[in-house]
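What follows is a group of structures, each given as structure tokens.
Two complexes follow with chain A in common, the first pairing it with chain B and the second with chain C.
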Partner chain A sequence: MTGARQALVLDELRGVLAEVTGRDELRAIPAGTALFGPPVALDSLTGTRLLREVRQRFGVDVAAEDLNLDALATLGTLASFVASRSELPSGRP
Partner chain B sequence: MLTVPPAGCVDVWWLDICTVAVGRGELAELSLEEHKRAASFAFRADRRRYTAAHVMLRRVLSGYLDIPPSSLVFRREPCPRCGKPTGRPALPFGYGVHFSLAHSGDAVVIAVASQSVGVDVEQQPSGCVCALSGDMNEADAEWGRALGEAARHDLVIRWWVRAEAVLKCTGEGIGHGIGSFPVLGSPDGPPGPAVPGGPEQLMAATVVHGCSLISLPAPGGYQAALALAGQASSVRLAVRAPWSSGRRRTARA
Partner chain C sequence: MSAPAGPGRLVKCVVWDLDNTLLRGIYLESRPGPPPPDPAMASLLTVLGERGILHAIASRNPPEAARYAAQATGCEFVAAECGWGRKSESLARIAAGLDIGVDALAFVDDDPYERAEVGAALPGVRVLSPEDAAEAVDWPEFSPAEVTPEARRRAGLYQQRQQRLAAERSFGGSREEFLRACGTKVTIARAVPGDVPRLHELSERTSQFNSAGQALSAASLEDLIRSPAQDVMTVRLQDRFADDGLVGGCVVGRDRVWTVPFLMMSCRAIGRGVIDSLLGWLARAAARGGATAVQVPCVLNERNVPLRLALASAGFRADPGQAGPAEALFRHDLAAPLPARPGWVTTPGEL
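The block that comes next holds the complex of A and B.
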């Protein structure tokens, strides 16, 4: 896994987050931001939509593969987990 | 002092966070834990939503218990599935008051009953929610197949609030999966707008997973559901605070 690949996934995930929450400010959150509860306040519906989108776009079922859901701790850990198990997002170089 | 609803009955309080003043007096009613959690939100709107909801929860419960809002202590019940401390938020043993809190967008809804209760509200989300159909119980998903896109989005959110209300009532939460039982019963639409306060209404319920489940009349653009522990075929609903949008008013930060 390269840093460039993880950065691409990170960028794509920020876009997914902004899309499922309808909140553009989430396009700029740092990789270390916690996803559930504070500080970005993802509720259960948006969290589930995020995982569904990740499965569709990257082919990675986070809930099935990471039983403790450690991957969901922060945006960065989710990006690392997805980047290590997926092809690049569709339509990306 | 408010009377705790008898068995089979539930009180519902709707609040618009835009109408809730959150000043020093209100903040003083919250616990240290609630302050810590509020402080950790990155965005002001989330902090305000959380704070307003918890101030109102304490004030509503205080009315039933004759205990000052700031003196209320909450605990977390164990999850009935795995025993971890992730179950229902609850008052101390022996109080005889059960509650459930949900918020989405500007809406906060609080349900109070004398038996376990779960409530959920969701603002119609932005974007397509069809991907969630994959999490639905097969019988529920079937209802959406013949629908156009907008009606399917409505159905998916109706499914979600009904399933989440049941899982909040049982204390399981969605961590153990959300589609293991059907909750729709029929593809009927939501039961209409949030009703004014006043006379109690008897609402036909669907018995699901040990709960009596109803779709709750909700503000425009939102869907809500409520589950009461038990196998009753109806729920008597009293709206103690009707929905009143405060979008045009100035909220004090």
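The block that comes next holds the complex of A and C.
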């Protein structure tokens, strides 16, 4: 069940990442792709938007719990951080 | 009227209602033509604008009403939200569009319902009736100590920023390609005494990118500039849309480990590679100076998460064990790979 939930969260996060960066190609990135540095190159602007969306959609405040923001290493680490702390993604039964 | 969110937290943008607030009447009902501006409110627009405070509109009117208000008052509004949704949502969109916190907003509306709705949904906003607003002009949060040339140009700089954002939306390539095409130039230099007023003002206004969570007085800045024990650095930003002037700075103590007790950047410069350039410069300059590490003590609050993102992105890490509840020491070991400057940024004459 955890794996399924994480996969749902991961898919939603891919959409969020594409939205906050304005880059549609990020909808298809593998879970293990690093977020800081190329090709995603998350910075303080896109990172702030990503954390804001995560808080709104999943009710998880990553910055409050994770001093070094290690959860943002990859989309996969972020998905598992969120999945272990939230209810199902919004809008899903 | 809600209490100020924090002592001395400056208001950066006032969001105005139109009907019976900025305008002396109701736009859609006034005959024969639209109502004139309220003279007291119109003069507030001017006074606050001269202090570098921005203006925006949140109104239950069609967008023509906002254009009419701009023309009738002669004031530049950096954003206009016209519609029937909650005004708290309009304010949140205005703050997000300007990349400032909602607690840097004030809201003026004659309707007690609207004021209560905004006050309940966004407790950090200074919520004022038009009568309050006439008095609030003397409150500290509307009274920056210094009004620098950057401050007087602020509304214009935000308009150039909107033009840059519009150009980015219509640009075909990636964001990085866009920033490269903008010719972004970040200049890092030692501060001189003439930089003190702007550095002080910036230290008062920054929250998303302020490592100390507080301001530095002009007197302290002057002492630091004179002191041989540390450097005060300035960061200036320019591209083909605008010369943003001095947008950031830091204080550096150069020892075996370089320590940065104060680091700040204007939120207007977010997303343009400035903070990344500054953190990368610190690491490279420290390495050239023979230091083993750079460390940045950083207060931990909800507001400066963007700075923590920049630190994480540049490879700085804090030891969770050493972190107090309110502050952490972010460190970059210079034996580790140094952060590169963003490829689209040029740093002329890197020191």
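The working rule: the second predicted complex is superposed on the first by the 92 of 93 C-alpha atoms of A that agree within 3 Å, B and C clash if a C-alpha of one lies under 4 Å from a C-alpha of the other, contacts with A are read in each partner's own complex, and residues count from 1 in each chain.
As a convention for this text, a residue touches a chain if its C-beta (ideal position, glycine included) is under 8 Å from a C-beta of that chain, and two chains touch if they have at least 3 such contacts.
Note that this is a predicted model, so its numbers are computed, not measured.
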Chain A as common anchor, with chain B and chain C clashing or fitting: clash
For A:72, select first, second, both or neither according to whether it touches chain B, chain C, the two together, or no partner. second
Looking at A:53 after the superposition, I want to know if it touches chain B, chain C, both of them or none. Which is it: first, second, both, neither? first
Given the touch rule stated above, what does A:22 touch, chain B (first), chain C (second), both, or neither? both
Name the contact category of A:41: first (chain B only), second (chain C only), both, or neither. both
Let me test your reading of the model: by the given contact rule, A:3 touches which partner, first (chain B), second (chain C), both or neither? neither
Stretch of chain C, among 24-32, 96-104 or 132-140, that runs into chain B once the two complexes are superposed: 96-104
Can you list the residues of chain A that touch chain B in one structure and chain C in the other? 21-22, 37, 41, 43-46, 48
Touching chain C in the complex, chain A uses residues 21-23, 36-37, 41-48, 51, 63-64, 67-69, 72
For chain C, which residues count as touching chain A in their complex? 99, 174-176, 208-209, 270-271, 273, 275-276, 300, 302, 305-310, 312-313, 317-318, 320, 323, 328
Chain B partner, complex, touching residues on chain A are 19-22, 25, 29, 33, 37-41, 43-46, 48-49, 52-53, 56
For chain B, which residues count as touching chain A in their complex? 37-38, 40-43, 46, 49-50, 104, 122, 125-127, 129, 131-132, 134-135, 160, 164, 173-174, 178
